[in-house]
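Chains here go by letter, A, B, C, D, E, F, G and H, matching the order in which they are written, and residues are numbered from 1 within each.
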């Protein structure tokens, strides 16, 4: 173990077996990770009870199953996103501990019991049926990270009264995730109704001038409503991850 | 007169002075406009009581004054849009019959008395102070074309209740022109509240990801609300012109 | 019923069973939709005799059949657009009341008798064979919404005489829908020939610098002809919907 | 006052001067804002102790001074962003209660005493001198909203050790705002070091392929580090606003 | 026949059976094409010995076969471009007079004997194997239009000596068509070697920053060499058509 | 003279003063231009009676005057394009032989008598006043290169009859240069009327979705009319240069 | 042989069989490549021990096998990149001397023994599994060109400590190739750790705002770290080729 | 001094005044820069005899003078790039040790004697007068970094013979920097002539479809010539910096 190596060095200094100068030089060249520093990577937070997440899109089923298996071996939950149905089936065949969640285009190894680690509720809101895969990805992620999640799927900026009808539920959220394609206007409208952070997820739903979600992305970026931040197109995982960080109870 | 020329030719045929074959050949090469067909150009509708409109941006004050003067000489109203304050002053100096309307970045020669030629009211709605020059251009154009115009300037999609507060006024419109920059979401929200045509004008108000109005343009194009059509960025004139065509009373 | 709830509250005030202050507070928190206000959504106009429309592209056959079925259950006409032939067949199998209209990439439940609700005729004009699916989508939509529709498909800006040959038919329209891909120039040319509103639909027909319809969209947006408004690429439905709103007879 | 109007109506019902039916009808048509409902607009949260914010860019000095004056008259703090030095000077001349903050390109009316309303500290981090105006806008906004703010300005992804040197300060933050132009890589690097939300602000610093901040925006959107959300280019205000919502202490 | 109709009318005038006024009115409303005017469309030049050309991409095999058949019925050559191998096979099955030219992605009905109608030779030059389908489309088109065509396929701007080795052949051309993907630099290099018009065809060959031919298109547009004009990406037909117009011998 | 050097070398070989091997080696390393080969550069064609052309935009007045002076010293005509009025005045002051042509944004040294070197007439056509500087640049260039040029400036695609009114003049051209901003549709319409090559020049006239001429450029690229080739935005010079090459009489 | 032809000519001059004038004229028209000049093409360097490289993407298996076979016939190594697995199998069947390297999407004919021709080591570094095909293409190319190559695949900018852990290996490189998709930040971070040239390869890994590698490309272009140069998206070959040129030992 | 701090700690361990465990813990939390590790930042290489470089564009004269002054105080050379003439004058006034180099848009403090630290010569080549500021920036940077630099400014891809005329000089370079705007084709042509690394700098010279250098950037990225790497638009500094790293003699 590396921390042991440091201690051994220090012990040699203590014992006079190594001079101070030599020890100083040695310390300079010792890789940081060998010093027992937390190996900082983007999975750190996840390992603290959050699932490690694998972006499945450009990986083979073998690679996905391999990585999920490794994570699972550490006793963690593990999640792979953007996995097509066919690939998901292959992964599950290779790694029976995994299960596919087609609605969220995800594959999941779940072995840690759910516990509420949040201050409040994360509300995920979208306008229509076509945005649901992104919504499901967000919901799955947020739940795995220990959050209570509510979903509202029947509102749209072109039906303002329907939006107002769910205003109380939106206002009760600790964080709101707004998933919207096409013109992405829902983010501004929702942000005007709540006084909590709104995370906007543009989706690739739409055609023509939507340009694969670009219209929604630019619109959300240009939102006239303060309090809105934006993640990548179709990135339900990323929105939920940020929402979970915001919602996390002190000490969790 | 050209129709006269046709008649003369026919008379020569009638009189046997020209053979049928020669007359047929001659007719083939006669320019269409010489046949007395209405000379169709984009100013036609305008000449029927609408102002002729000059896009002032890339023209010199001399050119603008010259064209406005020509139109005025025919007894029509004449309008130049996108004229900077300095250029407008120059134009007025060169053409005293003209007056500048700085709020609309326009110069105007008005000599035909206003008459209501519309079925109802055109409502021009926007969210904020910065959109006002485009609003004023639309209002001026619509009024010159014989329409009653109402303006609503204190609404925005991030303040849904304020929008609902003007719902009756919106619903009473024959056509609604929605002027909005940034994310341009107001068009969808308004279209959800009315059952009449909505013409959306993206504006260049905004910065960064607004990309000079592109965000609003794409968003309006991608609107989830049916009934929305879109004109060019900052094109208050074009929106008002289309609105006036829609609102025009039968027989006008 | 919610309006009943309001009345009940007022009755309690009248009867002295509730104080004015309590009633005022209760009114504040009552959801707006519960007050009996028309539940404003983007389908409202449609329900008044227009078909409800489902964007089929990103939905499964199950979802499309489900939504169409629900609408049909209310006795309305129902339309799904952008449905691929395979998906359309599946929908029809799931929902025998529906029929596919392959030429328009649509699926339809039609149970309300057609009635002419318009002031005049909507003319849908395009240049070529490849634009026909968009034309058919527009025609189907406009007809379902109670309009007389004429189609002109053999004109193009590169053949000016053919355009002039249909000039009378164009001029007789109450609204013209221009469907054009490639350089999208037809919109400007048509707008110069008529004095009624022109709604331009850029199509994705073309290749290379067409960039999926972007060239036509930008060109139509930049049209030198006044009176042109634009909808999204390939959005035949949206153009027809707006045209129907414009054409609607007073009182319909 | 409007709530008074509701009470008056209810009193008339109570007194039998108005029937229940008439009162119900009247309530239906009463504008929502007149019912004493919180007038939901994007300034709501701000009025609860936060400054109202005016986007100064496309407004005249007269307009800015006017709006700031109105807000100030209500006893609130008021902030205008994106105000050029010259315009700021004009505003201050028109509204002596205001003061210019040139480093943040802002004008400010401050009349409410600062109080710590946050759970922790907001850290605003950037790489270089050229990003400072955006940093200052963020700092000013966050402070006005009742937050403790720390600024770190000497780090960049090309100097990883300098970033690690401030790791403890970053890790101690409740929220981190990362301001970066050019390639915008700092957001990913910082997000890898902390387990709290990171709000990324792309700036327009750079040239050529930076395309006015587009490179940084797309890069931040595509960040491989989870927990990053993004606001508009140069939008220091928006990032700080969202950060303040996240940091807000329960009950504030 | 329409010219006959005109003659009949004139004969009636001549015979006194129709008054001059009636005839004048009738002529005004007679569609132009009915007057025997050349029906001006984009196929006009082609019919004068050139093949009519059908853009096959967005058409079905049935449609292509139908249109080709109609043209063939008039005794002309007929060409369809951008036809995939499968579709081409279908077309040939439907229209046995047609033959597929897979190298050019074309289908052809050829029934007019080739004759040299040009002043000189059209040289089509490209750098590599991948550009060949576009080259072949250009060659086929130019030949059908009565031109002698030479092809040079082994040069590229990165091998300047190879380019110089064919300099004499290039210099002997009446028109040069340069087909190039990737950076499209060949157009500038060739234009520097010849004193005749150069028509550049960007191709979609390349990947990444080629963006489907955009890089080559912009580069060719920005060419530092005078005398270069550009057609659409992969538009071998268009380049050959323009080259044929340039090369056409007086009187053809 | 370099050809002399080659001859001298060969003479030494002939005289036995140099061995064949040495001569072969020497020839290999002799710069090509020293062999008396025509020094091929983009000015070659121009020197054959055409003006050398300087792109003035990014050059100082000193640089422009210097280069023009050098060319003039060789007895040629010389032209600088894209020179702002102020810079032009400076150039003329530095080089009295030059004269400014403000309408074409050009500076000119003209010392070779004009001679008709073309087969026919080049017609330059545009729609409006704002395109005139580009038209003038094209006209000036074409005339300097020995062409008869006609200009038609009062047509636009939105006024089809006006276009038809000049049809004979267009049809009489050997080459047509179409200059158009906004939607750039004129190129397609003109190409449909003539059977000679059409060179399209998109201009930066327009605003919003014109994106500095991009809309017109893409539209012209995507033209449905065969025979159209395109040059860079505002590149009147380039269009005229290509037109002159096409129009050049055999032997000139 | 061409040099022989020159010598023969010179011998004829020497022998008096050809006059100096005739020889001079003949030399002028002799193709440069016939003079025995190195036929300069983009394969020159490769032939000096480097593999000739074929871009396989837009070529058929027949074409690839044909070109590889020709190169192989000269005794060189030959490499085809961007070959799909299916196509690779076909190529190998057609050309048994070839072998597929699926991990690098390449097909290879290797017949020249490897020799170290470099000064040092080329390190190819990437962050994740999805970038591996590009890494493998780079590694294969560099090795074929006679370089020692090391690969580091477990680092990313979001895990700064892991990057520091490989710092010594990076610092020991003569050139570093950084392969990164998504936000492409790794290039800047690595360039800050080494004092040798860094060649950045953006990859198309990512989704949404990655726009097929555009985000990474723009970010790498805008890198705040000096010493970074960039190649095309996914162009592992090009990066390795440039790296090999940099690493090449004097005299190789 | 920090290294001293480490030594002090080790001495305390040696002396038994600190336990091994305590020392290990302390070392873990000691900032890396305090350990005497080279403070790795993007200026490191520069400090080793290279100038530190300040991007002047978005900085005030005060800021530039301040930073240059600080660097100068350490005895290094210091360079600020992208400084406008006016700002440069201000900087020199504030920091008399600096001198402006207007041709390179730079300000410079030079106090270290030049020494040749390179293996060979860096050749900077461009086509025209307008690219000169970028060339000069590259030359200045490369010279300050201890390189011999040659400049070739009279070549362009449209004049292939002129390029061949300088072939020997290009071939003699250790690295070639190609500076080119417009279509940027020079990079490919030069790379075909040399067997050393080519660094391409797209410039913003051009107009219209050049889109501020985007055309050249994409073209260079898509170069068909191997061995080309690219830096940001107008980034003469960056190209020279990378060239200097490549050219650096072993041990420098």
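To be clear about the criterion, a contact is a pair of C-beta atoms (placed from the backbone, for glycine too) under 8 Å apart; a residue touches a chain by one contact, two chains touch by 3 or more.
Note that this is a predicted model, so its numbers are computed, not measured.
Trainee: If you apply the touch rule, which chains end up adjacent to both subunit D and subunit G?
Mentor: Correct list: A, H.
Trainee: Centre to centre, using CA atoms, which chain is the farthest one from subunit A?
Mentor: Chain F.
Trainee: On a CA-centroid basis, which chain has its centre farthest from subunit C's?
Mentor: H
Trainee: For the homomeric pair subunit B and subunit D, should the interface be classed as same or different, according to whether the shared residue numbers exceed half of all numbers used?
Mentor: Shared-number fraction below one half, so different.
Trainee: If I compare contact pairs by residue number, which of D-G, B-C or B-F overlaps with F-H on over half of them?
Mentor: B-F
Trainee: Distance from the CA centroid of subunit F to that of subunit G, rounded to the nearest Å?
Mentor: For subunit F versus subunit G, the centre distance works out to 39 Å.
Trainee: Per the centroid of Cα atoms for each chain, what is the distance between subunit G and subunit H, given in Å?
Mentor: Distance between chain centres: 25 Å.
Trainee: Please tell me the distance, in whole Å, between the geometric centres of subunit D and subunit E computed from their C-alpha atoms.
Mentor: 58
Trainee: So which stretches of subunit E touch two or more other chains?
Mentor: Only 32, 37, 40-42, 156, 158-161, 164, 191-193, 208-210, 217, 221-225, 232-233 qualify.
Trainee: What pairs of chains are touching here?
Mentor: Those chain pairs satisfying the definition are A-B, A-C, A-D, A-G, A-H, B-C, B-D, B-E, B-F, C-D, C-E, C-F, D-G, D-H, E-F, E-G, E-H, F-G, F-H, G-H.
Trainee: Flag every residue of subunit C that touches subunit E in the complex, lowest number first.
Mentor: Listed in rising order, the residues of subunit C that touch subunit E are 129-130, 156, 158-162, 164-165, 168, 205, 207-210.
Trainee: Applying the document's contact rule, which stretches of subunit E touch subunit C when the two form their complex?
Mentor: 29, 31-33, 37, 39-42, 55, 57-59, 63, 67, 82, 202, 204, 212-213, 217, 232-235
Trainee: Name, in rising order, each residue of subunit A that touches subunit D in their complex.
Mentor: 40-42, 44-46, 48, 53, 119, 191-193, 195-197, 199, 217, 221-233, 237-239, 241-242, 245-246, 250
Trainee: In the complex, go through subunit G and note every residue touching subunit F.
Mentor: Result: residues 3, 6-7, 10-11, 13-14, 16, 20-21, 23-24, 27-28, 32, 35-37 of subunit G touch subunit F.
Trainee: Applying the document's contact rule, which stretches of subunit F touch subunit C when the two form their complex?
Mentor: Residues 127-128, 156-161, 163-164, 182-185, 187-189, 191-193, 206, 208-211, 214-225 of subunit F touch subunit C in their complex.
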